[in-house]
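Shared between the two complexes below is chain A, which has chain B as its partner in the first and chain C in the second.
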Partner chain A sequence: MRALKALPALMRVGFVESLAYRAEMIVWVFATTMPLVMMVLWTAVAEAVPVVGGGGKAWGSTAFIAYFLCVFTVRQLISAWACWEMNYEVRQGTLAMRLLRPIHPILTYAVGNLAALPLRAGVTLPVVVLLLLTQAREHLTRDWRVWALFPFALFGGWLITFFANVAIGSLSLFMESSVKLMEVWLAAFFVFSGYLFPLDLFPDWLSAIARWLPFRYQIGLPVELMTGVHTLESALPLLLQQWAWAGALVVLALSVWSFGLRRFQAYGG
Partner chain B sequence: MIEVRNLTKHYRVHKRPPGLAAAVKSLFKREYTTVKAVDGITFAIKPGERVGFLGPNGAGKTTTLKTLAGLLHPSSGEVRVDGHVPQKREAEYLKKIMLVMGQKQQLLWDLPPAETFELNRAIYDVPRPDFVRRMKELSELLELGDLVNKPTRQLSLGERMKCELAAALVHGPKVLFLDEPTIGLDVSMQVVMRDFIRRYNETTGATLILTSHYMDDVAALCPRVIVIDKGTLSFDGALDVLVKQVRPDKRVTLRFSQPVTLEQVTPLGQVVRCEGAQAVLQVSHDQVNAVVGRALASLPVVDLNVENPPLEEVMSELFSRSRATREQAA
Partner chain C sequence: MRRYLTLLGLQLRTSGLLAAQYRWDFLVDGVVSLFFMATAIVPLFVVYGDGSRAGIPGWSFGEALVVTGWFILLQGVLDGAVNPGLQAVIEHIRKGTLDFVLLKPADAQFLVSTSKFHVWRVTSVVAGLVVFAVAFDRIGHGPRLVDVAASGVLLVSATLLLYSLWILIVSAAFFVVKVDNLTYLFSSIFDAARWPSSVFPKVVRWVFTFVLPLTLMTTFPAEAMLGRLAPQALLGALVGTAVFAAVARVVWLRAIGHYTSAGG
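On to the complex of A and B.
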């Protein structure tokens, strides 16, 4: 109950902090422009040769424009960086200050990460939405029911990203630094989430693997909803799978955190 | 208020000699050693007490404080603070305590301290009128003024520490753990902090445990001290008892109307220093009256002062004795 009462204050401070770090935030936005680079690349490929996906879908240049603009949008809105914060705080010994507060530290990381998203969205989304509507409108779904599911898919994607961060970040309580492990996760994320290329273009066997991994539910599923790949009926089971992944990662992250705290040696004096 | 029984905290530490070969070898086979940071200490502290935790670097002071604050799980033993088991980190417990670390900060670096105060108010669920009243008191006592509205990163160390202390007290903790709260501060700021801490204890009845390498902090704040060395408790009692036990002699400082020679002073006792018109003698406790009488009778004394030896010297002697005992035992 107290945690809920503290949420508005945590949210406000997180947002004000993100304003203080505005230069860093803009640099971070530029660092996530890879989908735009891939958009240029794949558009050029689509203009040179026919690109056909797994289900026989033809990928024209405007389909790639729509896809990667959606990827960029989703990427901005599912971002989380708790793993780096946790590693920094464990190494510097400042995690102690977070642990002393009568509110679950993971909640404070979550709110801190979420609070920075509005500014990030405010900077990037108007441009991207304008581009989407003018350049690739015909590739967006027109089913309002699918659009109604989209916020849930987006939040599910954020939950997977955040709790993967927490689970890996909590390993720093055992092994001093888990940033390299996060980089391994990120490498798999880039390949299997649909961030660099649509999963539809994978060979069937690789696509089948990707559909069982959590990464697809971070970026791929919300983008597929936006671009009209799914109807309401086909989207619902996928959304359930996404939330099952989110639930599994919540349990995993909380367990690793809880065991890690028992091992925590409070380095740094 | 605080009960600690046979507390131990052992760390398993990876040990590796320097050099490339050792680094490569450690990839395949690692050697670990167990560091006994705290090794079976027992003590109890009553509500409202001010207790100094003393010991050389690596003695186990901070580990003990962190265990009391619930940051570390003990390897064995029992710890209870106001009826709570700290490592459970219950919200009700965390609302009653605060740990202030001189080298760590809770203030939001890029925002003014006022934002941290407001955040703590929400997290600790402090009613608005109580918060306003407490902030007014803290602001007056610590002379915070406009500091609270400047970004933390632009504050000096002393200003920041004052704000840290205010942030730590927003919720009025019943138990305050202070780990080197005056480290790096200039002398006048140290005095301000000490006065404030003592006043907080006197007005709220909060229990206070302090670690500090500045003996002036301990002398000014802590009637009782607990000495830890290499994880074991070597003294628990009143500060003046510790001083008497370690250094039963007194320091007699004599000031003369004219310069005196070393030969004139030596018959009075062990001379610590003799410069111009001032001499400092070390005299056993039961000889003080006699020595003072002889000095007044034989030398042109205009002023004299009898005091305990400096606490730094007492502690240094205590720690070197412990070291020697350990070496002998080894």
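On to the complex of A and C.
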């Protein structure tokens, strides 16, 4: 309850912090421009002949433009970087400061990450959304019920990203650094989330695997909702699966964290 | 010169000993390399749809695979030889312990850049070579000896370019201290080098050739290996690399003048 009361203040602090470190944030944004590279690549590939996907859907150039602009948008909004923060704080011993606060540390990470999103979205999204609306409007869904589901899919995607970060970040309490592991996770994320290509371009057996992995629910699902791949009926079970993954990761992250914390001994302090 | 070669030998031996001590890292790095190789190749398979799609204009599947091979190889060079040493500098700067390096009677840039090698990342080089083998199997004939030699020269120049870029980034650390995200930024932009540069629009290609020379690192060596790189381009790449390295050296010397120890 007390934590809830502190939330608005924490949010404000987080937002002001993101303003203070705005140069750093720009760097992070530039690091997420891969979808734009892929957009250029795929439009070049689809220029002569449309690319045919698994479901028989033909992807023309504008379909790819719409898809990757949506990917870029979603990527900005589901960002979390708690793993790097945790690694740094564990190594430097400054995690102790966080533990002293009367609020669950993971909540402070969550608020810190979330509070930076408005600025990040404010910098990147206006141009992208404008491009989407002018260049590729016909590829967006017109079903308002699907749009109503979209915020839930987006938040579910963020939850998966954040708690995967926390779970892997907590491993830094057991080993020297878990950043390498995060890179492995990211490499899998790039391939299986729909970040580099729409998942229906996978051969069937790979898209079957992708359906069972968490990555697709980080990027793929919200983007598919935006681009009108799903109706309300086909979207709901997927949303359920997404939230199941989010729930599983919450449990995993919290247990790795609480086991690891027993081993944590801050320096000097 | 002799002295520096001996020093390099010594530094390599320490890294080798360290690697021998952490033998499990061999397994871990091997698995990680395999995994990275797979994730680098999968997108290419998707783009070509195993022959059913048109793919990247002007590049057959095998040819594009050569570019990917170079990407994997250079990622190994970056992670194994360039990254560890320079990561250590950033740490030195933050802690103020760079003094101990500067006090030593040898060139500081040389000392920091050779201080640490991640020997087991050799596995990425092997992975790159395997990809080349598969690529040329797809193409149907092996590369000519001359072309292999030319691409070997370009490998040296690509390594030097990567290293110079990193020196530039590290030099920034003297001014802004927190550069771990700059290194992250660089590795994510380096990701674009896995594609043949001809897919990019003219402006981007120009930037990737003359400002941030990714093209020179993967597309050029691949074209050389395929025997379709013009001799002028090869020469231009070498001159460009020399200029780039010289600039990096000057910037490093300027930056180190800015270093104010943290007092420790």
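In this section, the second predicted complex is superposed on the first by the 266 of 269 C-alpha atoms of A that agree within 3 Å, B and C clash if a C-alpha of one lies under 4 Å from a C-alpha of the other, contacts with A are read in each partner's own complex, and residues count from 1 in each chain.
Quick note on the criterion: contacts are C-beta pairs under 8 Å (C-beta built on N, C-alpha and C of every residue); 3 or more make two chains touch, one makes a residue touch a chain.
This structure is a prediction, so every number in the text was calculated from the model and none was measured.
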item	value
Combined model on chain A: chain C and chain B, fit or clash	clash
Which of chain B and chain C A:261 touches, first, second, both or neither	first
Which superposed partner A:164 touches (first chain B, second chain C, both, neither)	neither
Chain B versus chain C as contact partner of A:180, first or second or both or neither	second
A:41 touches, of chain B and chain C: first, second, both or neither?	second
First, second, both or neither for A:10, with chain B first and chain C second	first
Partner chain in contact with A:106 - chain B first, chain C second, else both or neither	neither
Listed stretches 2-10, 20-28 or 110-118 of chain C, narrowed to the one that overlaps chain B	20-28
For the chain C and chain A complex, residues of the former touching the latter	32, 35-36, 39, 42-43, 46-47, 49-50, 52-57, 178, 180-182, 184-185, 188-189, 191-192, 195, 199-201, 204
Touch list for chain A against partner chain C, complex	24, 27-28, 30-34, 37, 40-42, 44-45, 47-49, 51-52, 84, 180, 184, 187-188, 190-191, 196-197, 201-203, 206
Residues of chain A touching chain B in the complex	2, 5-6, 8-10, 13, 16-17, 20-21, 93-94, 96-97, 99-103, 261-262, 264-266, 268-269
Touching residues on chain B, where the partner in the complex is chain A	11, 62-63, 66, 69-73, 89, 91-95, 97-99, 101, 103-106, 108, 110-111, 115, 118-125, 151
